[in-house]
Structure formats: C-alpha cells, structure tokens
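The following pair of complexes shares a single chain, chain A, combined with chain B in the former and chain C in the latter.
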Partner chain A sequence: MNALFLAFAHLRWTWARSLVLILVGALILAVPMVTQTLLRGSEDALTRRAEATPLVLGARGSQLDLVMGAVYFSEDRAQPITRAAEDAVWDSGLGLPIPLNTAFQTNGARIVGTSLDYFDFRGLTLAEGRQMAILGEAVLGADVAQRLALGPGDTVVSAPENLFDLDGVYPLELQITGVLEPTGTPDDEAVFTDVKTAWVIAGIGHGHDDVVTADADGNVTANAAITEFQRITPENIDSFHFHGAAGGYPLSAVIVAPYDTRSGTILRGRYLDPENPVQLTDPSEVIAGLVDRIFRIAALLDAVTVIIGIAALGAIGLSLFLAWSLRAPEMQTARRLGAGRFTILRLATAEIAILLSCAMVLAAGIVLVVNANGDQLVAWLLAF
Partner chain B sequence: MIHARDLTFAYPRAGFALNVSALDVAKGERVGIIGPSGTGKTTLLNLVAGLAQPDTGALKVADHDLTALDDGGRRRFRAAQIGFIFQTFALVDYLNAFENILYPYRVGLGLTLDRDVRNRAQALAEACGIAHRLKSHPNALSGGEQQRVAICRALITQPGLILADEATGNLDPETKEVILDVLFARAAEQGATVLAVTHDHDLLPRFDRVIDFATLRQPAEQTS
Partner chain C sequence: MLKRLCLAAALAASAASAQDRPVVATVNYPLAWMAERLGGGAVEVLFPVPVGQDPSLWRPGLSDIAAIQQAAVIALNGAGYAPWTARSSLPRSRIVDTSVGFSDAYIATQSVTHSHGADGEHSHEGTASYTWLDFAQAAQQSEALATMMERRIPELADTLADTLPALQSDLAALDAQARSELAGLKGQTILATHPRYQYLARAYGLEIAALEWEAGAMPTDAQWTELSELSEAKGATLLLWEAAPPAGAIDRAQEMGIASTVFAPLANRPAEGDFLSAMRAAITSLAEATQR
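Presenting the complex of A and B:
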C-alpha cells in the first residue's frame, strides 16, 4: 500500500513523463490489436461487397481501380466508358446492366449517378422520404445525411469541377427526396441520383431560356443571353435536354448482374479480347488478390510493429532507469530511515505496475472504440 | 544511550580507518561532535545508526547490541530508534511537507501508519511552526522550512536518538539558531538524545557536551 502510494505520488509529480510512458505503452499494446481489427474488418467489408457484385464492366486498364471505383466509390477510378457499353449488355440479354457515374462529389461525398435497379440490387431501403423520381432529385446515404444534417426537402449542391473553364462543369442543386437505411457499406457515404442527373452535372444535359422569342407582332428574334438553370424545378424541367448521341454519354462503370452462371461465362468471354477498350472483371477475384497483398504487407507491418515495440520498450526502460538514477538520493534517505531491503524493488514494481495498468486500460479503451466503430472506420479507410 | 568501546572500521579502498576507543552518551544528552573534514565523523554516525558494521569492538545503542544484529534487525532498529537530519534536508521532492514528515512510515521496516501518527505529525508541524505549509512541496519551501520538515520527520517515529549531520550547514546564522531551538525543544519533549556533527563553533555552547573527534582516538573523551 505504501509502495503504491509513493509510486502514485511520484508518477503524479512527474505527470508529463508518466503520460508519455502511458501513451507509448498503450500504443505498443493497442496498435497490433487495432491493426488486426481493421485488417480483418477491411477484409470482411471488401470481400463481402465484392462477392455481392458479380461483374463490373469498365475501361481496360487497372482492374483494381475499376473495382475500387465502381464497388467502393473510392478516389481511384478507371477511365470512363460510354453508355454504348451498357447498351451492349442490354442487347445481349445475358444480364442486367446497372450504370454508374461516380465522377462528381458534393460536400466530400461521392455523387453516384445510377438507375433504380441499383437500389434493388444492393437491397437498399429508405429510412425516410421517397425514392428519386425525376431529374435533379437525390437520395442520401445514411452517413452523409447524418454528417450534413440533411433530409428530405433539403438540397445539396454538386461541387464545381473546374472554376475557370467556361465550358466546364457547373454546380447543380439537387433536391433531396429520401435518406437510406444505414448498411455499413460505402453506400452510406454516397449521394445517389439518376444517371441522367449526373450527365446534367457533367454539362451534357442542360436547361435554359428560349433561344428565340417572338414579339407581339410576330417578329422572331434571338435572345441576347441564354441563362442555364442551376436548379431543376417543375417550371423549367421541360427545358432540359441532352446534346450529342446518347451512346456516347460517359459512365464510370457498369455493374453487370448475369441472369445465370452460363450467361456470366458467355459475357466474360466476350470481353477477353485485349484489344477491346472495355473489360469485364469479377470483383471478388480482384479483391481476393488485393486482400492477399494486404495481408502480406500486414505481416511486414507486424514485424515492423514488433521492432518498434521493442525499441519503444527499450526507451521506456531507459527512461525508468534514468528516473531511478535521479532518485538515488531519495533511496539513500529511505535506507537511512530504515527502509527494507526490497523497498526500492517494491517501489519500482509498483510504479511499473501502475504505468502498465493505465496503459492497458487506455489500450483496452482504444481497442473498444475501434471495435465499436470498426465498420465506419473500415468504410472511411476504404473510401480512400 | 550510546556505549562504544574500541571500535574500528575501515574503508580499505579509500585507505581510511576509523578508530574510536570509547564513546558514552547518556539518554537525553545533547552532544556536539566537531573535527576536521575527513576524520570520520559521518562514519561514526553511520555506525551508531547501524548503517555500517564495525570491524571490531563493541557498540550498544538504546540497549541494542548493533554488532549482533543482522541486516534486517539493524533496519528495524534504525526505523524505530533513530531519527536522521541531514545538511541537505533530503526531503522527497514529489511529496508535500505533511507526507514528507510521514515518509519514515511509508518506507521504514516494521512501522505502521495510522491516525495517531497523522495526529502526531500535525502536532509536530504546529510545534515547529510549519503547520500552514503542510500542503506545500519542498521546492516551495525556504531552507529553514525544509529543515523544520526534516526535524519533524526525524521526530515522528519518537526515536530515542537523533543523529544530525551538519543539520544547520546550509542555513543562515539567524535560521540556524531557530532550527536548533526547535530541534532541542522537540527532542527534549520526547526525551530524545541528540548527537550532532557540526562545523559551526558558534553553536557549540548550545550543546550539553562537545566532543572533539580527534580525542575519540584517545583513551578518554575531552569535554567542554
């Protein structure tokens, strides 16, 4: 009891040193567990979602970029393909194509232009409001709605992509009609809208005042200025139209859900030609490869963690040793006052026990917090 | 209180040897020890406190034969019978004044800290004039206040013998007098014997007896 009292008093007196030792100790204990938790969570989340996505159609190139962009809405995105690629899947009658345009963002969330099939395909249900129905409407993922404190009736504005390009992408106000139930997947961090709305954001479709007007005498004149609408309303929705061939409109990727195994095999066969600018990938295969690589890196990370842990323990030991060296006069006084032979050992043990206990409690707290928020953390990590 | 005969003690590596032919100090006596540096005054205090074992001779302190006690026995003897006061005060920096007074009960073998001890510490602090500084840490106390805390710490176990090693060496003349007043008054209250090493000749008249350390090597003690 006396040893604990003195140890606690000393640790409190040297609180800054004690705090550093506790933090370092806690990190040494917590980091391997947190890493394992996040790795396991990432593996589960990646694998689960990849396995729930049969095939992804996209531009030839990095399969990983294609899958990460189409399945997890990450920053890594493949080159866009055209709507003609989606039409080709429709025309084949071998599977259901679900278009994805993930080129734009709003308030740090990815705008996913897609079709209503996506919601059925992912099993997404509305927590409040209604599904998007017309151009300019959007449905929020649960986390986005919570983070931005938005709900049905509110609006979000797409982020301008290039401020100084007169022919570029301009912000479009999206009317929020519903909020999705949380799923613990990247869908929670997305803003869903119809793919046509994404094309309006891209500037392919737009609405504006009449180009020509006729006065009372029937004289037809051209407008001096044409004002493009930044908001789609019941009054101006009819003026929205698209330019160019529909088959050339851009898509980031197309999720393809084959009607059966045979259809899937046939479809995959059609995109094997390396000269074909479009490829069809199986996300579960791509992610399996990624997870395998991650775990190989994790093994290296574990080794590094062990080395750093040993170095940190050495530093802690040195710090304690130096602290005890500084306390030599106190120990001499204690000896003169009749301290027992093992008093110093008891004091040192008590101090280490207190530091270790605090570090363990802190480490347990860190691990608990990470475990409790594992899904969100994994989703956040995967978003990069 | 102290009876020593033909004590010898040597630090072979340092080439130092202590030789005390006879030393007798009565209970309640206040004895000052003077002598040049390096003659073994502190070593004598260490022998009397049981911190070191004489090589030869007889040494009895407070009816304990120190030459017959083992290490644990000497530690218990020291915790119960000896109060130490040092020139550098030797207070524990991370404890406040009150906890410094109680420090022997935190580390001393065989001592139990209870409510009576705490009350005694409070009373000692009041008697030494530092009751208002009990929550302060040593770095916030003046030299005189620190030495008062050290005196309280030396007296808290109600020892039979107080050993003071240059206890006023770091204090100004005025504070020296006050500290010695406090030490002697509290020691007298408890009936404790005081054996103090000092270089301060101005303080010698305050002692019942002064021993010139050089004379201890002689068959008889020289008294003032």
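Presenting the complex of A and C:
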C-alpha cells in the first residue's frame, strides 16, 4: 500500500512524463483493437449491403467502381448508362430495375436520384415528414439531416458535378419532405430524390416561362436569356418538361432485383458478351474479392502494428530505465534510511502497474467509443 | 336497436374489408371501369378525379399522390395522358402503362418547334391520348392491366381467369357494334367540339375535323363563326359534342344546318350507367344522328 502511495505520488509529481507514457501505452493497446473493430465492421457492412443487392447493371469497365458507386454511393463511379438499359430489364419481365443517378451532390452529401421502389427494396422508413411526391422534392438520410440540421420544410441546393462546370447544370433547390430512420448504411449519408428530379438537375428537364408565339411555320425562337426555373413550385411545375428520347436519359447504374433465381441466371447470361457496353455484376462477388484483399492488407497491418508496438514498448522501457537512473541518488538515500532492495523493487513495480492500469483503462475507453460509433464510422469511411 | 347494431357492424366490416383489399389506382374512368370489372369485389379501385373534371388535365394534390403511391397497381393510360404522372414520384414496380403494347400505333398530333439558350431547336410533339376510343385498343389495355394485376396481386389469378375473357368479350362486342353501326358514316366528315376522337376516327373509318371548344360551355360568337366556316369548308352537317352543351346550343347549331349528338369520350365517370352502356348508347346515337 505504501509502495503504491509513493509510486502514485511520484507519478503525480512527474505528471507530464506519466501522461505521455499512459497515452503511448493506451495507443499501443487500442490501435490493433480499433483496427480490428473497423475492419470487421467494414467487412460486415460491405458484405451485408452487397448481399442485400442482388445485381447491379452499369457501364462495362471496373466492376469495383460500379458496385462502390451504386451500392455505397462512393466517389468512384462507372461511366453512365442510359435509361434504355433499365427499360430492357423491365421489358424482359425477369426482374425489377431500380434506377440510380448519383452524379450530383449537395452540401457534401450524394444526391441519389431513384424511384420509390428503392425505399421498399432497402426497407427504408421515414422518421419524420412524408415521402417525396413531385419533381423537386427530396428525402434526407438520417446523418445528413443531423449534420446539416435540416428537416421537412427546409431546402437544399444541388451543386454542379465539379468546380469547373461553370456553364453546366443549373443549381436546383430541393424541397425536403422527410427524413429517414437511421440504418447505419450509406443511405444515412444520402439525399434521395426522384430520378426525374436528377434529370432536371442535369438540365435534361427544365421549366421556363412561355416562349414567344410561333411563326406561320410553327417555329418559335425564344430569347437566349430565357429564365429557367431553379425552384419547382406548384405554380411552375406544369411548365417542366424533358427533352430528347427518354431512353437516352443518363443513369449511373441500375439495381436489378430478379423475380427468382432462374430469372437472375437468365439475366446474367444476357450481359456476358464482352462487346456489350453494359455489364451485370453480382455485388457480393465483387465485394468478397475486395474484402479478401482488405484482409490480406490487414494481416500486413497487424504485423506492422506488432513491430511498432514492440519498438514503442522498448522506448517506454528505456524511458523508465533512464528515469530510474536519474533517481539513483534518491534510491541511495532511501537505502540509507533503511529501505530494503525489495522495497525499491516494489516501488518500481507499483509505478509500472499504475501506468499500465491507466493505459488499459484509456485504451478500453477508446475501443468502447469506437465500438459505439462503429456503424457511423464505417458508413463514413465507406462513403469515400 | 338491434337493427342499428347490425348496421353499424356491417358498416365496420365493410370498412375493414375495404382497407384490406388491394388498391388499383387509375388515371381515367375507362381504366377504373376495367379494374372494377377485372377485380370484382376483391379490389378497391381508386380513381380520385372529381366528377366533372377532365382527368387528362387534372392535377392531384399531395394527399392524392400519397394515396396513389400506396396502391398495389397504378394503371396509366400512356400516350402522354395525365401529364402529372411524369412530374410525380411513383413506384415503377407498381405502374402499368396500359397502351405501351401498341405505342407504335399512337397518333402524333401537331408539334411546335422552338429554341432557347444553347439547346438548339427542338420540338414537343404531342400524342393523341384517348386510346380507348378504339375498342380493340381498349381490349389490349384491359389485357395489360389484367397482367399487371395478376403479377402484383397473385391471389386474383382465379378471378382474372373468369373476368378478363368476359371483359374482352364485351369490348369485342362494342368494337363490332361500332364497326357495324358507324359503317354508314364512312366518307362523311363529322365535326367535333374538341380533338378527342382521333382513335375513334381511325378505327372506324371516320373523318373528324375538330374544333377547340371548352366542354359544356356555351360557344362564343367567334366560335360559332368558326363552326360555320369549317362546316362549309368540309361540307359537314354533324357535330359531336364532347359533353352536353348548355340549352340553346344544339338549337343554334341546328339553325346553321348542323345536326348535333353528344359523344362523351368517358374519360370521367358518366352520370348514369357504366362505360359499356354509355358507349353503346353513344355509338347508337351517333349512327342515328346521321339518319335524322
């Protein structure tokens, strides 16, 4: 007890050194556990969502980009395809196509243009407000709503695809009608709108004041400075219209939910031709490959962590040894006062025990905090 | 007292049954009638357009859209009918475009070419959308609706096996009646108060020249003049009214030597009867009008 008291008194006297040692010790203990937690969480989240997404239709090219963009709304996206590809799946009668247009962002959140089927497909329910009903309306994921402190009745404005798109799409004000229940998935970080609204953002659909009267041949030339509406209201919604063939409208990808196993197999067979510009991928297969790669890297990361941990422990030991060397005169004084060799050993042991205990408590705290917020952290990590 | 309790229980049971029944939402009356015929009492048909309004121009409120979004089947007419559907969020899995099967037979209407900004010149081509007035096309629409109802409401399969052939048979009979009774009108130009009858004209060999009059309203002097000029130019002596005109309008047309008949396209629910009986009566009335 005296040894613990004296050791604690000394550690408190040299508080800065003690604090550094506790922090370093806590990090050495926590980092491998945090890494494992995040890796396992990422694996679970990736695998769970991929397995819940039967097939993804998109442009031929990187399957990983296609799946990451369509399933996790990541920055990596495949080249766009056209709505005709979605229609082909619908016309086949083999599965339900769910369109996705993820080309735009607002306030750092991905705008996901889709159909109402997406909400049924993912089992998303509203925490407040109502479902989107008309052009220009949007429903927020739980995290976006919390981060931006927005709810039903508020608005967000779409951003252009990139900073250099100065003469590109018009920003469109989206009316928020509802906020989704949190799911711990990338859906929490998304702003959902109807795919037709995404096409309005893209400039394919627009509304504007009436153009001037047609001439005798039925041709009408409007002023180039004609004002296009940047907000869809009950007063102007009837003026919104789309240009070009509907089959040519762009989609980032299409989630395909086959009606049964046989339909899924037939559908996959239809997109095997490498000359076909569209491919149909199984996200669970793509993600299984990715997870396998991640865990190979994780094994390397574990080895690196062990080596760094050993080096850090050596550094801690060295610092303790040097500290005790500096305290040699103090120990000699204690010995002259009658303290035995074991008393000094008990002091040293008590000091190490206190440091280690504090480091373990701090490490446990870090791990608990990470565990408690694991889903959000994983969702945030996967969104990049 | 016992009667009241029984009545209340019956009403409650009826309400509960209505809530439990799958809903089929439709954008016009012909489709609502088909859904009623196909589903019988097993489905609740939602046709939210108020009586007296034109379903092709009606715009639903948010509560209407919310109710339609919940329906098991959302039956669209297609051919650009009810443009609000293109500006609303509806689940594709529950939508059936009942006329897509004959989309290559759509009739294009006048288009306006215009340009603005950097988009270049483009046009908005219209499409005649009263497709059901060709009753063979109406039969195809009913088949598309039945297929979707069976897919979305599998428990209806047995019912549909009985109701679809019966409905198709009635529509085939209506088509045969139109072919037979309107055969005498071939080669004769008929005037119409509104351009609603493109498919009727094409299917049954009629020549119909349309005006742009508001349904049910008394024509203005300018419109009467327009009618007179068109009648002279086309040699037409028969006018189809989309809806019953105000008192005196038919007499005034008669004074101009133009016979009248009301041929409601039945986009909305008729005051009496149903689609079949009202359309049969309208065909007969049209055929007889030429003989008067």
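Brief remarks follow.
We take it that the second predicted complex is superposed on the first by the 364 of 384 C-alpha atoms of A that agree within 3 Å, B and C clash if a C-alpha of one lies under 4 Å from a C-alpha of the other, contacts with A are read in each partner's own complex, and residues count from 1 in each chain.
Just so we're on the same page, a contact is a pair of C-beta atoms (placed from the backbone, for glycine too) under 8 Å apart; a residue touches a chain by one contact, two chains touch by 3 or more.
Everything quoted here is computed from the prediction, not taken from an experiment.
When the shared chain is aligned, chain B comes close enough to touch A:Leu6, but chain C does not.
Of the two partner chains placed by superposition, only chain C is touched by A:Asp238; chain B is not.
For chain A, the partner that touches more of its residues is C, with chain B and chain C as the two candidates. Looking at the shared chain after the overlay, A:Arg48 reaches neither chain B nor chain C.
Once chain A of one complex is fitted onto chain A of the other, the partner contacts of A:Lys196 are limited to chain C, with no touch recorded for chain B.
Of the two partner chains placed by the overlay, only chain C lies in contact with A:Ser115; chain B stays clear of it.
Touch criterion met: A:Gly340 reaches chain B, while chain C stays clear of it. By the touch criterion defined above, A:Arg268 lies against neither chain B nor chain C after alignment on the C-alpha atoms of chain A. Of the residues of chain A, not a single one touches chain B in one of the two structures and chain C in the other. Remark: chain A residues 90, 96-98, 115-117, 120, 130-135, 137, 194, 196, 208, 211, 214, 217-224, 226, 228, 237-238, 240-243 touch chain C in the complex. Every residue of chain A that touches chain B in the complex is listed here, in rising order: 2, 5-6, 9-10, 12-14, 329-330, 332-341, 343.
Put simply, chain C touches chain A in their complex at residues 59, 62, 65-66, 69, 83, 86-93, 110-119, 121-122, 124.
Across the complex, chain B meets chain A through its residues 49, 51, 71-72, 75-80, 82, 84, 86, 88, 90, 92-95, 99, 103-111, 113, 137, 153.
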